[in-house]
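Across the two complexes that follow, chain A remains constant while its partner is chain B and subsequently chain C.
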Partner chain A sequence: MSTQVAARRRGSGTRRRGLSLAPVAWIAIALYAAFLLYPIVQSVIQSFTDRNPLKPESSFVGFANYIELFQDPRLARSLGFTLVVVVFVTVVANTLGLMFAMLLNRSTVNYRVMRTLIFIPQVLSGVIVAFIWRSILTQNGLLNVTLQNLGLTDTAISWIGTPELATLSICVVVSWITIAFSTVVYTASLQSVPAELYEAAKVDGAGVFGRFRNVTFPMIAPGMTISVTLSLITTLKLYDVIAVLTGGGPANSTKSVAYYLIDVAFTNNRFGYSSAIAIFLLGLTALVAYTTTGLLRRREAHL
Partner chain B sequence: MKRNRVFAAVAVGAISLLGVTACSTSAPKDDKALTFMVFETPALDATFWDASIDNALEGLSGVTVEKIVSPDADRNAYAKQLQASGQFPDILSSINPKDFLDAGLLEPFDQSWLKENFLQPEANNIDGETYIPPTNAQVIPLVFYNKQIFADNNIDVPTTWAEFADVISKLKAAGVTPLELAGAEAWAASMPLVGLASADVLGQDPEWIQKRYDGDVHFTDPLFADAMQKAADLVDAGAYDSAALSVDYATANQNFLDGKSGMYPMGSWFTGSSYLTPEQAANIGAFPWPTDDGTVVIPFNIGGTTSVASQSKDVGNASEFAQNWSLDPRNLSVLIETDGAYPMMKNLTLDDFDVEVSDLYTETYGLVTDENTKVSAFGWINNDDALAPGLNDLFYAMSQSLFSNSDVEAQLAQLDADWDAAVGQ
Partner chain C sequence: MSTTDTPMAFAAGDEGTTSEREAEIILASFEDPAPRRFGPKSRRRILRAGGHLVAAWLVTLAFVLPIYIALSSAFKSQDQILANPLAPPAPFTFDNILTALQRPDQLVQSGLMNSILVTALTLIFLIPLASALSFWISERPPVLKGILLAVFALGLMVPPQVVLQPIVSLLQTIGLQNSYPGLILSNIGGGYMAFAVFVFVGFLRTLPSEVIEAARVDGAGDLRIWWTIVMPLMRPATATVGIFLGLWVWNDFLNPLFILGPLQGQTITTGIYQSLGTYSTDYGQLFGIMLLAAIIPVVGYLVTQREFIHGLMSGASKG
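Moving on to the complex of A and B:
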């Protein structure tokens, strides 16, 4: 009898707690629907039209925009550039982020200060970061002046003036921002690894590399899933750093897909086609994120 | 529990309404106020625009104007974003009208008002109508040169292409970068291409752009291709610094003023006081972009100020405000002094503006007022000769791609394809 009452009370309490959260959940769902789902649905609808941002009326064009998308050499070039940046940034930011996290995984004040310093690029807006790096990478910028003063080069190097170096510059700048985030994620992961595991590994005779391979690397798997996936997603939709650092140049060689679709929408007046590109980018991002998460989660499951 | 449901329903309703409101046209704070899209630069700062709005409102009782500032120099793109979100301004400053005409978004100015007030009232005509008052002119580009460097190396001002090429060789031999180029910014990097397309192509065939619209000529035709080959030849000849495409506009200006380069193709706005002190201007000369036979061809752009939205809530007052703004000498005097604008007003001489300008400005202003061959500054014009949507940027970008891709013909073939796509051919 008392058990049933207690169970009823627990059930009632659970229901009451659930209901008390309901308004907040509904607000979140409504916000999500209004500011994310609605624009996405609108974009999908527009992607099947020849919508021009300057005209109120538009016509249904079926899959014409999606067919064009796969035949557009400029989009292919943007996609190629974007994928280069995505791969570079994801590999470099996660490798160096993990390395910094391991080097700074101490709880003294000095290490905390250093971790804070490393996190600063993540706090700054991409626009500000790009302005700072632009002043470093231009003809008379800090990097060229330093190299010339050290006698390492006679003439200024065109860091943002050739397609190859401009691409490399963007990769480095975006990695610089992303390393900050990766370092924080890996630091949090490392701090959750029980010290006893390292002690046990030491007793078993594992060296530094052995402890990393057998203890650290497996135990930070969840953190790696988060860091790698978010690095991929944020880099796939890269826009602000490019807009300031190179303006998509030289000769459109550093136009990301996100940059290109804005060009198509507001320079060429082709909202419908740019919506198709946006949906394509959304699908690509979802596919990459889903695949990566799946692969990394599988690794977590093997722990 | 009931209270929670009511609260949830109210919250959802409010948020949904907020969402719908966010996706619909947002009204300005004052429903009756006209909106004016402006852009800010170091020379044309917020103080200038605020004062100019007050000036233009004199005599317009009961009218207020709210300023909308474009986030960057691309006013056309921002105006399109505003239109896409149902917020197209009532008045717009310095846009390229052609982009907006298919959609019928702009109101033409009265022809008699144009004839009464401007030296070239039809200069900005598109299909016989004017949507931006032809208040001031620019030459895009002139070739500015350092007088001291020329004197030190016994170099005369070139008048033909062969002489120009010779000057480049002499400067290079003297260890001076022959041509300054703000290559990091495509619009600035394009100055040599704009000069060549204007002087060589439009100088010989002023109707070339109209013929391109009709499909009668192509970028790959010898006339245009030969001109672009000259641009590629300049790169091959080492006319620019090896890191030219890493040089931004401000750095290029400074490099040239510091004597690090001998010549600088740039728009005539460079004669303004926001770029040059009087002392610096005294050491700088300018000559028109040279042609093969020495014919003087001036790549000319009649600039403008205010355009009026045809869907404005008050087209009459918007037009009157735009006309007041365009005719006010206090507004144009700032453009003359800081931005080197050449006034094209019928009823006002330079003296009427009470401005201080350099000798460089006065000498180059002569190119505008003299009898000579004036052609549209290719890719910069506001009239029938404006390029198809998006082509300006692609043409500008070609100036950068010549540094790494010497296949001029392939790039021009792509430009032809882009043109055809832009005009729906």
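Moving on to the complex of A and C:
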């Protein structure tokens, strides 16, 4: 064996022989550059033009798109809606996800089956989830049917037909999807907490609440960073649930920024202006991701 | 949860299979570490643990109620569904499934075929490319490596809407608009690549460098080391990447909708979206199609569950 190695070593003139990986790596980088980096650069450039695919020429308009952006009442409205959904979903999904994780943090078959079931909303596509909820929430949908069967209401409630209830419906449906994810992340975090810490806390006379505050809560900090940041980012780019559940209505009340941006680009054909909104959304996402990770990481570091 | 300091053991943890032992250990962590006690207290403990189990099941069932409604309604007639949406399917009917499969537009069959095609081709090209790229990146000097990883980190954060219109324009320029090659190509080159690179590079950090050095001393080239040594060692990471990207590509909505356009045959997700507006009041039909559309990802999830959750956990803990 060793003589073979020695012989081979002697036989090889250069240390590196055979085919290099570089060409494969460069193909991958080129594809990434073409389909991710270039589109971002393209968006930045277009955001300073009035580009419209229906017009042959486009010209530079300076900051006009960005000025319009800050004065656009539709964008302001969609931004307001987006922030409501993002805050609602992040708070509700992380609170309930943590509670579910604590409730289900046991390893018998029963609890494993329950955790399996709870993750299913994450596995289904947003379109399917939204169709299921739409058949529950529409005017003659299954929720109203049930409420009427039980004699709780006489008139059908318009769960996705009025701006306030439609906003609430979107919040609930997106939370439902996100809770599934948070529960799994928090379960993973809880399982990494060493039992000795609880014993020590107990010896020190800490009650259930004390143990949660002083042991569980600090120890799940890394999981919380992940869960909160991902809830924020995924909710910021929300599209499919809205498309199916409300189509942005009623009266544009449930158009998220991400949804409005697609509208401006593909329905109004205003590529220039939509690019400005895209850059705005990118900045917003980066800001939110950076700030929350920073804040939550600091909490981790304080342990 | 318990509100007093009364000790509480776990009812099911009385005898010792491995998982029961695990259960006891985990439970002890937030219940009571003291050894089992006997007498009236133990009965109370068992009752409490039973109460906890009942509560956990009630919460879980309430949470998955919409899934139950969709699943049971797929096997009920419209009248049954409207009479009582929560009742189990009795009598049981396969009419919805059969009607869904006999649609003249072949929505389910062609949608599933298209989705399988797009997902499989994306993964077949993306996984080796990203894996090789990751190995290559991990062998670069620290500065270049840092820059490359920062560039790929960007891809994890960019909302797909931000790049969608430029991608559609780009595909138009190269003549691949409204085509499956166009969709697959943008799947391979887009944000998914960034995710794959992060998982692979993270995993490569955990591999002992001696293995690779030894092969290099033996005179193997990078390509060969990657294929015969790195790829087999990275199997867990490949499983994570394959499972998650498979699910995301399968469930993707935005890219298929805007890249394929309305005239092409659609993936199952966008096909349902574009065809089902009118079906929203025929619940039996709707849920029948939903069931057929959801069955592949759900079965895939149940089969790969262990790797799935494990991948999610390692991703979560790595941060």
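In this section, the second predicted complex is superposed on the first by the 266 of 303 C-alpha atoms of A that agree within 3 Å, B and C clash if a C-alpha of one lies under 4 Å from a C-alpha of the other, contacts with A are read in each partner's own complex, and residues count from 1 in each chain.
Following the convention adopted for this analysis, a residue touches a chain if its C-beta (ideal position, glycine included) is under 8 Å from a C-beta of that chain, and two chains touch if they have at least 3 such contacts.
Treat the numbers as computed from the prediction; the structure is a model and nothing was measured.
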item: Chain B versus chain C as contact partner of A:271, first or second or both or neither; value: both
item: Chain B versus chain C as contact partner of A:105, first or second or both or neither; value: second
item: First, second, both or neither for A:221, with chain B first and chain C second; value: neither
item: Which superposed partner A:69 touches (first chain B, second chain C, both, neither); value: neither
item: Touching partner for A:251 - first (chain B), second (chain C), both, neither; value: first
item: Which of chain B and chain C A:84 touches, first, second, both or neither; value: neither
item: Which of chain B and chain C A:176 touches, first, second, both or neither; value: second
item: Chain B versus chain C as contact partner of A:38, first or second or both or neither; value: both
item: Chain B versus chain C as contact partner of A:142, first or second or both or neither; value: second
item: If touched residues of chain A are counted for chain B and for chain C, the larger one; value: C
item: Footprint overlap on chain A, comparing chain B with chain C; value: 16, 19-20, 22, 27, 31, 33-35, 38-39, 42, 53, 134, 138, 140, 265-266, 271
item: Footprint of chain B on chain A - complex, ascending; value: 16, 19-20, 22-23, 26-27, 30-31, 33-35, 38-39, 42, 52-55, 134, 137-141, 144, 155-163, 246-247, 249-253, 263, 265-269, 271
item: Residues of chain B touching chain A in the complex; value: 1, 4-5, 7-8, 11-12, 15-16, 18-20, 22-23, 76-77, 80-81, 83-84, 99-100, 102-103, 105, 183-186, 189, 241-248, 251, 255, 389-390, 393-394, 397-398, 400-401, 403-405, 422
item: Chain A-touching residues of chain C, taken from the complex the two chains share; value: 1-3, 5, 10, 12-13, 19-20, 22-23, 25-30, 32-33, 52-53, 55-57, 59-60, 63-64, 66-67, 69-70, 81-82, 84-86, 128-130, 132-133, 135-137, 151-152, 154-155, 157-167, 169-170, 185-186, 188-191, 193-194, 216-224, 226, 247, 250-251, 253-254, 258, 269-270, 272-273, 276, 280-281, 283, 286-287, 290, 293-294, 297-298, 300-302, 305, 309, 312-313, 315-317, 319
item: Partner chain C, residues of chain A touching it in the complex; value: 5, 8-9, 11-12, 15-22, 24-25, 27-29, 31-40, 42-43, 46, 53, 100, 102-111, 114, 116-121, 123-128, 131-136, 138, 140, 142, 145-146, 149, 176, 179, 184-185, 188-189, 191-195, 197-199, 202, 207-208, 211, 216, 222-223, 225-227, 233, 236-237, 239-240, 243-244, 258, 261-262, 265-266, 271, 274-275, 278-279, 281-282, 285-286, 289
